[in-house]
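I have a structure here, written as structure tokens, and I will follow up with some questions on it.
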Amino acid sequence: MQEVRSESRYMLRLETGEELLDALGAFARRTGIRAAAVPMGIGQLRGASLGFWNGRSYEEKRIDDPVELVALSGSIAESEGTPSVHLHAALGTADHSTVSGHVLGGTVGLLAEILVESFPSVAFARPMDERVGLKTLQLGPSIRP
Amino acid sequence: MQEVRSESRYMLRLETGEELLDALGAFARRTGIRAAAVPMGIGQLRGASLGFWNGRSYEEKRIDDPVELVALSGSIAESEGTPSVHLHAALGTADHSTVSGHVLGGTVGLLAEILVESFPSVAFARPMDERVGLKTLQLGPSIRP
Amino acid sequence: MQEVRSESRYMLRLETGEELLDALGAFARRTGIRAAAVPMGIGQLRGASLGFWNGRSYEEKRIDDPVELVALSGSIAESEGTPSVHLHAALGTADHSTVSGHVLGGTVGLLAEILVESFPSVAFARPMDERVGLKTLQLGPSIRP
């Protein structure tokens, strides 16, 4: 992964073979980012896996063929001391139709361009919400730099 | 709704049962934001209603079942003294297909994470454009803080 | 096109008939932007053309009817001295289904609202990557203002 920073904004270039969730987690660890939004990501994914929350678990759809990453959205928080990356994606298939859901996994095909907008001096958390059975975003208090 | 701010950037957490358009309007009123973009929103929606503009009116599709909010995009302006929120969304259904359009309404399911990027000292307007029969965004002049 | 700027953030309003890629290229040339992300775009497109990369070329789908521009994502770089705009889009059709892919072209219908987040003092490049047969984003070094 390459990255360029301008104040609290980062542009990332992920390379062929990088796992999307792992790469963003490693980026957060390396930069010390504890609170960020991911408003943009394009490129190509392989072996993508998307989930639909049915109230108890994620119903998974795996798309083995390469797809266009058309929209990527999410957040980066910190859960139990490690980065917690939550992403949703819309993927364009060979017939130009669209598969969507919660990102369970996916590997970068040719490359991916991803924008990260961070919140300096803030930490988001993602504790388990026992009522719903999911880890949910908590907009934590400001932290000292 | 919870929110965290870093300069002109806001992350929002909407809770179960909040109406998406109303909640963003209330956020704009409370913070005094008169110009902003909404580049990111994920989570779950219930009772979503999406429109397709046919040149005269919005053809509505209502999705009663819960859906994944996969992409949320739009702007916040001020029209006749109150916030005017314009959103488009892509929604992932249980079979992982994608329903898209102009957001006519929708209620937050489990939660929603939304990014707002504001333009301080600027006011966007949304006056009626009689030629097309729609209120359209006007990038108004800078205002005094 | 109208535009409003707040520090490194720009909101654009494109008018009926403007070609999406050309308009963003002209914007980059006029403002001198050499590195930016496009995290948000909504509105209506006509004559949209979307591509799916099959490993050798873009398989094209042209949608002549007006569509809702639901998600627009991409980057602005500089290639051989001129702006290079790379966009992916999800488009909502009259039946509220979704067509997605790499943006090969498209004309603004009623209007389009587009957010550009720039990286001042940075230049992205987009040289040909002979291995894959595509121009790919390079996150270039910082430049003097």
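Letters are used for the chains, namely A, B and C, taken in the order the chains are written, and counting of residues starts over at 1 for each.
Heads up, the rule we're going with is that a residue touches a chain if its C-beta (ideal position, glycine included) is under 8 Å from a C-beta of that chain, and two chains touch if they have at least 3 such contacts.
These numbers come from a predicted model, not from an experiment.
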C-alpha-based rotation, chain B on chain C, 0 to 180 degrees, nearest 5: 120
Interface residue overlap between copies chain A and chain B, same or different (over half shared): different
Mean-CA-position distance for chain B and chain A (Å): 21
Two or more partner chains touched - positions in chain B: 39-40, 71, 90, 97-98, 100, 117
Sites on chain C touched by chain A in the complex: 8, 35, 37-40, 50, 52-55, 59, 61, 71, 73-75, 86-90, 97-102, 117-122, 124, 132, 134, 136-140, 142
In the complex, chain C residues that touch chain B: 2-4, 6-7, 9, 11, 13, 39-42, 44, 66, 68-72, 90-98, 100, 110-111, 113, 115, 117
